[in-house]
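What follows is a set of structures for review.
What follows is a pair of complexes built around chain A, which joins chain B in one and chain C in the other.
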Partner chain A sequence: MAAARKDLLVNILKVIFLAFICLIFILPVYFTFSVSISSKPRINAGAIIPDFYAGNWIEITKGYWKSGIINSAIVSLSCMIIALVISIPAAYAFVRYRFMADKHLFFWFLTNRMAPPVVFSIPYLMIWRGMGIWDTYQGLILAYMVFEIPITIWILASFIASIPREIDEAVLIDGYGTRDLFFKFILPLIKPAIGVAMFFAWLFAWTDMFFASVLTSVHSKTLPAQLLTALGKVGWGIEYGPAAAAGFVTLIPGLALLYWVRRYIVKGFTFGRL
Partner chain B sequence: MTEVVIENITKQFRGVSILENVNFKVRSGEVAVILGPSGAGKTTLLRIIAGTESPDQGRIYFDGEDVTSKPPKERDIGMVFQTFALYPHMTVYDNIASPLRAKKTSEAEIRKRVHEIAELLGISHILNKRPQECSGGEAQRVVIARALVKNPKICLFDEPLTNLDYKVREVLRMEIKRLFKELKITAIYSTPNPEEAAALGETLIHLRNGRVIQIGMVRECFKHPKDVEAAACYSPYGVNILEATCLKQERGKVLKVNDKLSIDVGNHSEIVEGEEYLIGIYPHDIFPAEAGLKNALRIPVTVDFLENTGSELIINMRVGDKLLRMLSTEVERIREFERLQYVYVPLENIIIFRKSDESRVCNLGVNV
Partner chain C sequence: MASRKLLIGLLLPAILVTGFAGITPMIALLNYCVQTPFELRTTFVGLGHFRAMFHDYRFTDAVFRSLAFAAIALAIEIPLGLGLAYLLRKPGMINSIITALIALPTLFPPVTIGMMWLLMARKNGPLGMVMDFFLSGMFDPFRNATHAWGTIILMDVWHWTGLTFLVSLAAVSAIDESYIISARTEGATRWQIFRYAEFPQLVFPLTFVSLLRLIDALKIFDEVYVLTGGGPGLSTEFITQYIRTTGIEQWIIGYASATSLVFNFIVLILSWLMLMILTGGRGLIE
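Here is the complex of A and B:
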């Protein structure tokens, strides 16, 4: 009897603990959403229950909010595609071919990723201005590539390395050329890693606020940078409501994409073993 | 059917020599076995023949044509891998069809050929499976089917049985033998296992540390090993080695092992007085009785212990302080064997090595 009561107590404590953890994660999301569908007086009153006001969401389909969303989509999707087009063949080459300084190059790529982005901001700002690519999509994408390609190469390379070299040999002996080997055999085999690499490449560009703030001003400013600008002007005519709606918009694709690549990610995150 | 000539093949990897001046020839329709311990360079040699690796020096000829600089797809070969190397994203059917698809064969023809080869290897029922769902034996059959489906000029087998359970190994060895007999292809088969080499091969190429140690008919090589290490490699239970010195006695020259055992070598001029020798005897060349043997040497022994594997008996004996292992299939005579005092070895199966460099001098009982 005492044991049963003890079990019950332990279970109750477990539930409370888990509920607390969930709350920590869910509360900001809920709060963002709640504010986004509340009217201004309601927000100012500090109410937690929204009054289902649609004005904020209508507001972000206009002006700089709208351009922010479009810019974010263009930049992040471009980054995802370009990063993969470059890093899949690069990763394959790093794993399968020996060339001059290959190991050093690979390590240098990784160390690039270790530097805090702010270190690069000063030269980038100066060079981008000089080259005339400041506040352009291509300028922003180029900056993101420096940080994305090392991580995508790393993800893909560790996965490709887990494919036995004999597979490549078998394909060549079967009578295929190197192009067929890459497109018909290697690509299908590394699908899970491509899923993970896609996710990271997209995620970095979509969530980055720092480079978007430094390297853009009007024309190509992405949503997170727009959000920062907006929050800096709270009280000067900018309100929490539209900002919360915009913030919530930044959450949606991540969740959707994660749901889509989830079955690959389980495999991909093990970084190896087919 | 194609004749393969390997000429002066040399390969280094990061300054370490993998193959050194390898030369041999495989006749058209012949099965050649490359026998050697792991790390001998067998796989590298097969890769070079397949064209997935290029030699630093040397040339490869298929039917007199120099293929050294040709890519694998122009060489028309099949290869069976130790690690299977099946394509995990394809079904067994598509795996086998792969070489035909590379040649742009029509789907109708592919279907016919895949079913034919699957029938031959007894894997028709697993064509829709994925390689991951196959057992080791099934997977290796699929690999063999994939290698043979395009009727290659040459088929390379890189330790195909090494990664299989022993039972599957026996069955598949038999099936590979049957394929060799039926298809009459030129095949090069690498293995570290002397039994496999003996069962499957005609010509033997013994490779050690990237060098060809010995080439010849399998039985001939086993009987006349180049040196002690080769002899040890040619028998699954190794080779027994007794030390002896050549002395002059009133009857003539003898090899003296100990006080109880001296071997008359009067008619062997290659064995020189005063020199030290090693006497090599394979465990399967030792018999418990003299009956049926001609010119056999009698060796006094004391039995240490017996190992009974069910189908074979390994009798561990002593000659002086040296171990002598005898292999027998007569498991039912175990009681009798426990009390053995003498064993017999046909003279021609006694191999004499020079002690200084361990190279073979001669076999006894044969006047060379």
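Here is the complex of A and C:
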């Protein structure tokens, strides 16, 4: 009887603890949304319940907010496509061929992924200015490639490695060319990995603020960098409403895709090895 | 050799792009770090910048702060992630919803997370109000260094516990039950089961995720920059922000290049360690 009561108590504590955790994890997201649909006096009063004011969302469809959203979409989607096109063949090569210094090359790719963006930012700023690609889409995309190609290569490589080599041999013996092998057999087999790799290639460009704030100024400023600019005006009173709305826009893809990617998050952050 | 041609064709785009955008910056940094480029007079200073670093208190303090921050964040996130994994390991509708909720912040842009916690920690945000209630109106993360640190740690825990939790969850679900059953028949207590039957199977993933989090914690910039801007004073200025301030804002390129090379070297060694652990020293590709 005492044991049963103790179990009940433990279970109640468990539920309370988990409810508390849920509250903590939901609250910032809810509060940001709530601020984004509140009018200015209500935000300043610190109300938890919004008054459904649409002005902030209308504001971010105009001017620099609008260009930030468009730039973010252009940069992150082109990064995703370019990174995939470059890294699918490379991943296949790393898995199927042995060549000089292959392991060193692979390791070097991965260390790029782990390198701190701040280290690259100073030389990028100088070199990109010299090459005239500072504040352009190309420049930003090129900078992101260093970080995206390694992660996509690793995700794809760990997947391609699970396809038996005999399939390649059988296909080639049956008289198909290398191109057929690639497009008709390998690509359909690694479809799920391509989805995961696409998501993480896209995620890096979508969430990055560091390079965007250093390498762009007017023409190609992405939404996170625009957000930083808006939040940097501390002394002049930050316009919290539009910033919260714009910030919420950056969260929407994560919220929308969460259900689909939740089982791949570990793969994405741990290079598909765990 | 058709296959050699094919191999080069497969690899060349990746090597060209990452080679250009990955190696030229390093060459440029090596070039800058021994000079005073983009200043009034460009002079060769040899290893002068590296020597100056040890006497630059702002730099050493920033390094120390980064390490302290990483240590505190890890000390909270790893046990919390593991504990949550134990609580939520049974498959079920409610558990998977909570799992998804905890994982959610890992997909958010760091700068937005900084903004969310800025909204939360203001005088009239929920966190500010709750903390004001406990500290009788004295909570001010923008003027009090301790409160600023507390808020930053809370923010980082909120952001990254999802990752340690997901890795722990995968590890906990993969525990070989036969060890636990035999330990239980031997009459082991719950703690003994954890310590001697379960923990040895969790060491590998936990070590890996600790290193990953350590590297990411050293690289933290966006959230803190938005939330406190390194303040009050310099009390939350981390190594990344120091490099950015000296290099990009104050335009002292030579010295900033030297500091960033040192920082990169530290991260490189940690990454090497992490990748070796991840692959058990067998090399990265079979």
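Here, the second predicted complex is superposed on the first by the 248 of 274 C-alpha atoms of A that agree within 3 Å, B and C clash if a C-alpha of one lies under 4 Å from a C-alpha of the other, contacts with A are read in each partner's own complex, and residues count from 1 in each chain.
We adopt the following convention: a residue touches a chain if its C-beta (ideal position, glycine included) is under 8 Å from a C-beta of that chain, and two chains touch if they have at least 3 such contacts.
These numbers were taken from a predicted model, which means no experiment stands behind them.
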item	value
Superposed partners chain B and chain C on chain A - clash or fit	fit
First, second, both or neither for A:Pro28, with chain B first and chain C second	second
Dominant toucher of chain A (residue count), chain B or chain C	C
A:Asp180 touches, of chain B and chain C: first, second, both or neither?	first
Touched partner set for A:Arg5, first chain B, second chain C, both or neither	neither
Touching partner for A:Ile48 - first (chain B), second (chain C), both, neither	second
First (chain B), second (chain C), both or neither touched by A:Ile122	second
Chain A as apex of chain B and chain C, Cα-centre angle in degrees (nearest 10)	90
Per-pair minimum CA distance [chain C against chain B, superposed on A] in Å	10
Doubly contacted residues of chain A, that is, touched by chain B and again by chain C	274
Complex interface listing, chain A residues touching chain B	164, 166-177, 180, 185, 188-189, 274
Chain A partner contacts - residues on chain B that touch it in the complex	47, 50-52, 71-73, 76-79, 81, 83-89, 98-99, 102-103, 146, 150
Chain C contact footprint on chain A (complex, rising order)	14, 17-18, 21-22, 24-29, 31-32, 35, 44-46, 48, 85-87, 89-90, 92-95, 97, 99, 102-103, 105-112, 114-127, 142-143, 145-146, 149-150, 153, 157, 161, 178, 203, 206-210, 214, 224, 227-228, 231, 234, 240, 243-244, 247, 250-251, 253-255, 257-259, 261-262, 265-266, 269-271, 273-274
Interface residues, chain C side, partner chain A - complex	3, 6-7, 9-11, 13-15, 17-18, 20-22, 24-26, 28-29, 32, 38, 84, 87-88, 96, 98-120, 122-126, 128-129, 158, 162-163, 166-167, 170-171, 205, 208-209, 212, 215, 218-219, 221-222, 225-226, 229, 240, 243-244, 247-248, 253, 256-257, 260-261, 263-264, 267-268, 270-272, 274-275, 278-279, 283-286
